[in-house]
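Consider the two complexes below, in which chain A is the common component and chain B and chain C are the respective partners.
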Partner chain A sequence: MYRRLALSLMLLWNSVGHSAVYQTSEEFLQGIFGSVIPAPKILWITKPIKQKATKILSHRIGFLRTRYWETDGGTVWILEEIGKTKPITVGVAVTNGHIGKIKVLAFRESRGWEVKQEFFTEQFFQAGLNQHLKLDKNIDGISGATLSVRALKKIARLALLFDKSLNR
Partner chain B sequence: MRIILIINSIRIMDLSSTCRNTKHASCLFILLILLGLSCPGHAITVEELAEQFELYKKQQAKEFTKLHEENVRLRQENNELKSQFQTTQEQVDSNTTAVETVADSYDGAAKVAEWFDKTTIGGYGELHYNNLSQKPGKTDGKSFRETDFHRFVLFFGHEFTDDLRFFSEFELEHALTKGDGTSSGEVELEQAFIEYDAVTEPIGSLDNANVRGGVFLIPVGILNETHEPPTFYGVERNDVENIIVPSTWWEAGVGTTLNFTPGVSLDLAVTTGLEIPTTGGSAFRIRSGRNKVSEAKAYDFAYTTRFKYTGIPGLEVAGTAQYQADITQAQNDGVEDAWLYEAHVDFNHNVGPGSVGFRGLYAMWDISGTAVETARADEQEGWYVEPSYKINLVETFGGFVFPGDLGVYSRYEHLDGQRTRDRFNQWEVGFNYWPHEDAVIKFDYRNNKNSTDGDLDFEGIDIGLGYQF
Partner chain C sequence: MRQSNKSPWRILYKLHRYTGLAVAALVIVLSASGILLNHTDDFNLDQRFVDSRWILDWYGIKASSKFLSFQTKRHQITQVDDQVYFDRAFLRHVSRKIVGAIETEKFIVLAFPRTLILMTLEGEIIEEIKIQELLPRDLNSTNKPFSIQAIGTNQKEYVYIIGNNRQYSSEDGLLSWKQSKLQSILWKKPASPPNNLKTALSSSYRSRILNYERVLLDLHSGRFFGNFGVYLMDIAGVLLVFLALSGCLIWIKHKTRQLLRRYRNKKRIRS
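Right after this comes the complex of A and B.
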């Protein structure tokens, strides 16, 4: 009996992956562009962008440039921000200066996993950036996932800032 | 005559070619003679030829001198280049050696970088100032003014793999510990566990699951697992999650968390249990039963389960039940099994320029046994409600001089604990100011009315400073 239970548990554990990646970047981009993903472009983090990004993140931005993909009237970004200790990877599509889609692609924290749920991320739809570099739409948090919620809000604001800085 | 001219012209061409090759002055002299002979219309004298030859020699001498100087300069430059090349070669050799040295040590450096990347350090702390009409629990009426660095905490974590990690919380309470026991400070290991992500891809409605073993926090209440100062109102933590739920409450054992879609989670844990005293001033007091995994008796384990729902943004509803077969870890002492029931709601929603918050919690112990019933300690309970409102100062007031967030709150608590001093109603009002999301300044006023002894009443203010990173 116990041997059978142990065997079942081993099979269960071996049958599942050990990756916290919910969707790859490529899959996210394919969801927007279809099978043909355009070549990415580069946004250099200039001093004015860096200053605003630092204000959004409450810490210095850790890269000099970032990739993005251009759509009709918008941009797509794959960005990361640390929740409590590990980076959360998020895909953000910006359309006409507002969030069109936001999805948690990889979550590596041991708590706060609820931010990947659609009931949370759908709150960001149509959110823009106000003059204080804050979202112009209210986003309710998740109790016990404060740091993960904060990370996702920062990523959304960062994507909107980057999109705006392109002056397209 | 025309034939002679053609022949001479051919000779001139040949000699010119020879002269370019040999660079011999005599060749040119002969050439000039032939030129003179080949031009019958122009008679040239020997004197003229000699004069031209002398002029030519001078030009050649000047040219030779110039070429010689050029040669000397080039030799000099060549020597300099050789010297520079030698220096460069030495530098290259030196750099090659350095690169090879770095390459040799790269493996070690990479391991250090990898270790650093997988190791995390965090922490929090809080400094308190209390100015009360009298010390809580006292009846002497003497004012109580105290400053205390209540908690200084460091987190250390390490990821062995993506799925297996270690986490710990190391705490110094009340800033000072003395070996002679005269200080109130404590050094505590509140968490030290290894956690494994057993399920990381959805299986039906099960989104993910992890298991852990070691010393960890009991999944109960609002503050027990999340108690960094910037995350709650009030300088001091609420009393219900101190007297009834003995936060911070940690035990040793094994546990698992199962997260279901959407926003439902279930915790199960088997841990060491409490060992409440049966005699003395703290008899049957729950908080005094914490052994803090320090040579803790382990005759009877505790079984804890928690159900939590967070499926609506801003809402958490949770309930915990814990069973312990013998809460004194000793038989035949008039105290038998015990149940803890706890339920709470934590809600935040954006209204107007800010966010409305509400926390409410109820907890009770149901302990069986003749001794505990005789002492009327078989049921101990408490509850509190805490409405709040939080705004961002810059967004609300524009050019306000202070950046950051400001939150105001009020809390009402009802306690019915074991000791007389633990039976009271307390009303509290105050504010938190966050200059940064991870730093907070707190102020509150509290009014405590004891349910059975009016001499225990007190009131006063608290000021606090807290941080987390």
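Right after this comes the complex of A and C.
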């Protein structure tokens, strides 16, 4: 009986959704840089970047400049993309043109929260961007979280594109 | 042999026929709305809004009278409920009340309690800045979440904000902030929008509330016609089950009769 009750509570918990901030941007940056976070730098979204970003997002990019933080041989980006109706905030660390770390910082939708789990985000490790602006690594989807998975893939591709655009 | 009009099979035939005719329209509505709902993302039905006046009236969606507007040098920034407009153009949905809007020679800044939106003079968004994460940490050390209370500018066109009773300034297009104690700042105050703008925005506001997905869901469930529609769809569901069962029974009856006839014919030929 207790098992049945526990299962019911678990299903109820899943059905109410997981709209939450899991980690602030500052905490994410502290996880990478330690307590002293360097000042952010600015990337202006020029026309060629805009065209590629539009191709990745399948819609117009909604800003003309974005901030990033520089690491040894890499960059850190905090980007947002809408899953179904609300934005998912994701922190992405890019090292030598490949994803070093990706973490869902805030998830506001009622479904698809499974993308925050490490078993899913770990798949992005060492993924790069090929000439068709796609990830050079296969990312397995999650049933019932198609749109959130799609949003995360887009963010990963966008971070890699932005990193590549810096021509460091 | 011809069946009598009161035979149970004859009654079942008639019921099947007339039930089919009765639910035909509802089946078309259910199927069409169901197919469209299956492709909500493909057709962007949740992003497209209904602007038909009679549907909006049917839903009881009224024009808002809550306007919060700020006049900049050349533009009018207006919030109507949760929608923000740049002159007459829809900008975005927001969850908080606009605090102010200023315009310099190079850009426009919209201030909300937790965010600043930096825009070009043509109304294109340059960056959305979550202010708490960008203020210097020593200036942002209070436990209370930072909340912008006012935005202003001075003759040098620097941007000033007040938050948590402290004043900060940015001299480089909102890239960095420092605490400031300057006095001669022109803080933005709300201004009533012109009547023609109010009329245009009221109409635009109404046509940005109800999306096609909502209407299709309501048509599919019958809720579009209130409680009556829901019961009607319930009845349609029951009748569809009846149609399926009666259809199967009729088919079984015909098939059995057909098989029997074939069997008898074969037997007759053999004999």
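Brief remarks on what is shown
Here is the rule we go by: the second predicted complex is superposed on the first by the 149 of 168 C-alpha atoms of A that agree within 3 Å, B and C clash if a C-alpha of one lies under 4 Å from a C-alpha of the other, contacts with A are read in each partner's own complex, and residues count from 1 in each chain.
Keep this in mind: a contact is a pair of C-beta atoms (placed from the backbone, for glycine too) under 8 Å apart; a residue touches a chain by one contact, two chains touch by 3 or more.
None of these values were measured; they are calculated from a predicted model.
Per the definitions stated earlier, placing chain B and chain C onto a shared chain A by superposition produces a clash between them. By the touch criterion stated above, A:Q123 is placed in contact with chain B alone, chain C being left untouched. Looking at the shared chain after the overlay, A:S110 reaches chain B, while chain C stays out of its contact range. Looking at the shared chain after the overlay, A:N138 reaches chain B, while chain C stays out of its contact range.
Contacts of A:K84 after superposition on the shared chain: both chain B and chain C are touched.
Among 131-139, 167-175 or 239-247, the region of chain C with C-alpha atoms clashing against chain B is 239-247. Judged by the document's definition of touching, chain A residues 84-85 lie at the interface with chain B and also at the interface with chain C. Within the complex formed with chain C, the residues of chain A that make contact are 24-26, 39-40, 42, 62-67, 84-85, 147.
Chain B contributes residues 120, 122, 157, 159, 161-163, 165, 167, 195, 197-201, 203, 207-208, 210, 222, 225-226, 231, 259, 261-263, 308, 310-316, 346-350, 355, 392, 394-395, 436-438 to its touches with chain A in the complex.
Here chain A touches chain B in the complex through residues 12-13, 16-20, 58, 84-86, 108, 110, 113-114, 117-120, 123, 130, 132, 134, 138-146, 150, going by the rule given at the top.
Against chain A, the residues of chain C that register as touching in their complex are 41, 46, 120, 124-128, 130, 133-134, 175-176.
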